[in-house]
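Letters A, B, C and D mark the chains in the order given here, with residues in each chain numbered from 1 onward.
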Amino acid sequence: MYFSKIQIRVRYGETDRMGYVYYGNYAEYFEVARVETLRNIGFNYKQLEEQGVMLPVLNYSVKYIRPAFYDDLLTIRTVITKLPTARIHFEYEIYNEKDELINTAETTLVFINRNSNRPCPAPPALLELLKIHF
Amino acid sequence: MYFSKIQIRVRYGETDRMGYVYYGNYAEYFEVARVETLRNIGFNYKQLEEQGVMLPVLNYSVKYIRPAFYDDLLTIRTVITKLPTARIHFEYEIYNEKDELINTAETTLVFINRNSNRPCPAPPALLELLKIHF
Amino acid sequence: MYFSKIQIRVRYGETDRMGYVYYGNYAEYFEVARVETLRNIGFNYKQLEEQGVMLPVLNYSVKYIRPAFYDDLLTIRTVITKLPTARIHFEYEIYNEKDELINTAETTLVFINRNSNRPCPAPPALLELLKIHF
Amino acid sequence: MYFSKIQIRVRYGETDRMGYVYYGNYAEYFEVARVETLRNIGFNYKQLEEQGVMLPVLNYSVKYIRPAFYDDLLTIRTVITKLPTARIHFEYEIYNEKDELINTAETTLVFINRNSNRPCPAPPALLELLKIHF
């Protein structure tokens, strides 16, 4: 299991007229959390794409518990629960500055070879970097 | 059960560098689908808010099957599967112009009284309009 | 001079905590207005890209006069003021349902050949379609 | 004159199918740049709103010079060129990691008293903090 923490400050344009972070905008926060989690273990997502592997999202679910507000400094805890195969699974929890749980979420993504447009195994380099933590 | 169909054309800014509709942007499509579904039965979501009732999302899950692309004219089928209580549940399917299934999703929302900031029953006016279809 | 009108309904996620359409979201409305204006004269922007020509924005300016609100049905008047060269210029006015002017804007875009990554003349097919209106 | 620098990393969802940061997404970067510029001098924009003053954008213009790409770590230089009156003016330059100029932009915003819905002078507290730098 590998887990990391990142912080994101809520932007004005991410709120809606309720004054809450719009429910659809968390997906981008989780995207940032994934990319930074991988960067933390030494793996660059952009390079993955440059090597011809894409990583689209297969499943995404989120349970909203409390609203987040403009200018909140949110902490996102991201967990990679198991070693990836052709798929990689992330779990997330977002907390506000009072350490209250804002929401929990999960995503499953699939490694796709750009040429064949078919699923492919997780890159060996990523597995090497992750294995240390499992 | 009440079901309705709406169409949304994919905007350029909604695509990402894979050329796909960004996975986070579907939430806004489902939002539009909910609002138009309610409008179709004669219920105006904006007026609901003006009457002091908010309808934040509690749960959202989506299963991505195929990508959608720039300029695609998508059809969103929205179903209200049961009469709302303090909660209302929507199920969605998005199809492209070839009638291929892009993704399926579900959301549960909760009626919140703005003054008390607590859940409240679905407005009687909405129930009246929906009952005809159940 | 060619001018066209389109309508866009404001989505919930496009508002901010002031209750206004977020100032940054109009750019996407103008994008839709451009694409639909071209479609109205029989020209498909997506096909342009498929033929290896991109049309990035060079300049964008907007003057905000009144806010637009959630669920407003906005009318965007788009004008192509002169025949394009390697550049194409659009002017916009957005009106709300009371016919009040929301904002005015301008964009200049440049035709770019994807292979050379350099500016190129407007496609002859587009010029043919536009000339009728000038 | 007061100037500050902030950094923003480009998110995946902010790119479009050209692979560029979508032209409409820079507005949000400039918003963040404004808020962090004010925070740097000790002024909190959120508190301004809580005191009943809003700061909507009146004018926004941007000149796009080079595209920015996914995962770029952008540097935004923000300048407050003169002391605010009922209006405040910001100028921006965005640079990529190679120190290449991506674009330049300007915004003028107006202080609005929420109760009267009319322009009002810049808050004295903000003027005090800015005067030191002029």
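Note that a contact is a pair of C-beta atoms (placed from the backbone, for glycine too) under 8 Å apart; a residue touches a chain by one contact, two chains touch by 3 or more.
Note that the structure is a prediction, hence the values are computed from the model and not measured.
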Farthest from subunit A by Cα centre, which chain is it? Let me know.
C
B-C versus C-D: which interface comes out with more C-beta contact pairs?
C-D
How many angstrom lie between the centres of subunit B and subunit C, each centre taken as the mean Cα position?
27
CA centroid of subunit C to CA centroid of subunit D, Å
24
Going by residue number, subunit B touches two or more other chains at 12-13, 17-18, 22, 24-25, 27-28, 31, 70
Which of the residues in subunit A end up touching subunit D in this complex?
9, 11-13, 27-28, 31-32, 35, 44-46, 49, 70-71
Touch list for subunit B against partner subunit A, complex:
17-18, 20, 22-28, 31, 49, 54, 56-64, 67
Mind pulling up the subunit C residues that touch subunit A in the complex?
12-13, 15-19, 22, 24-25, 69-70
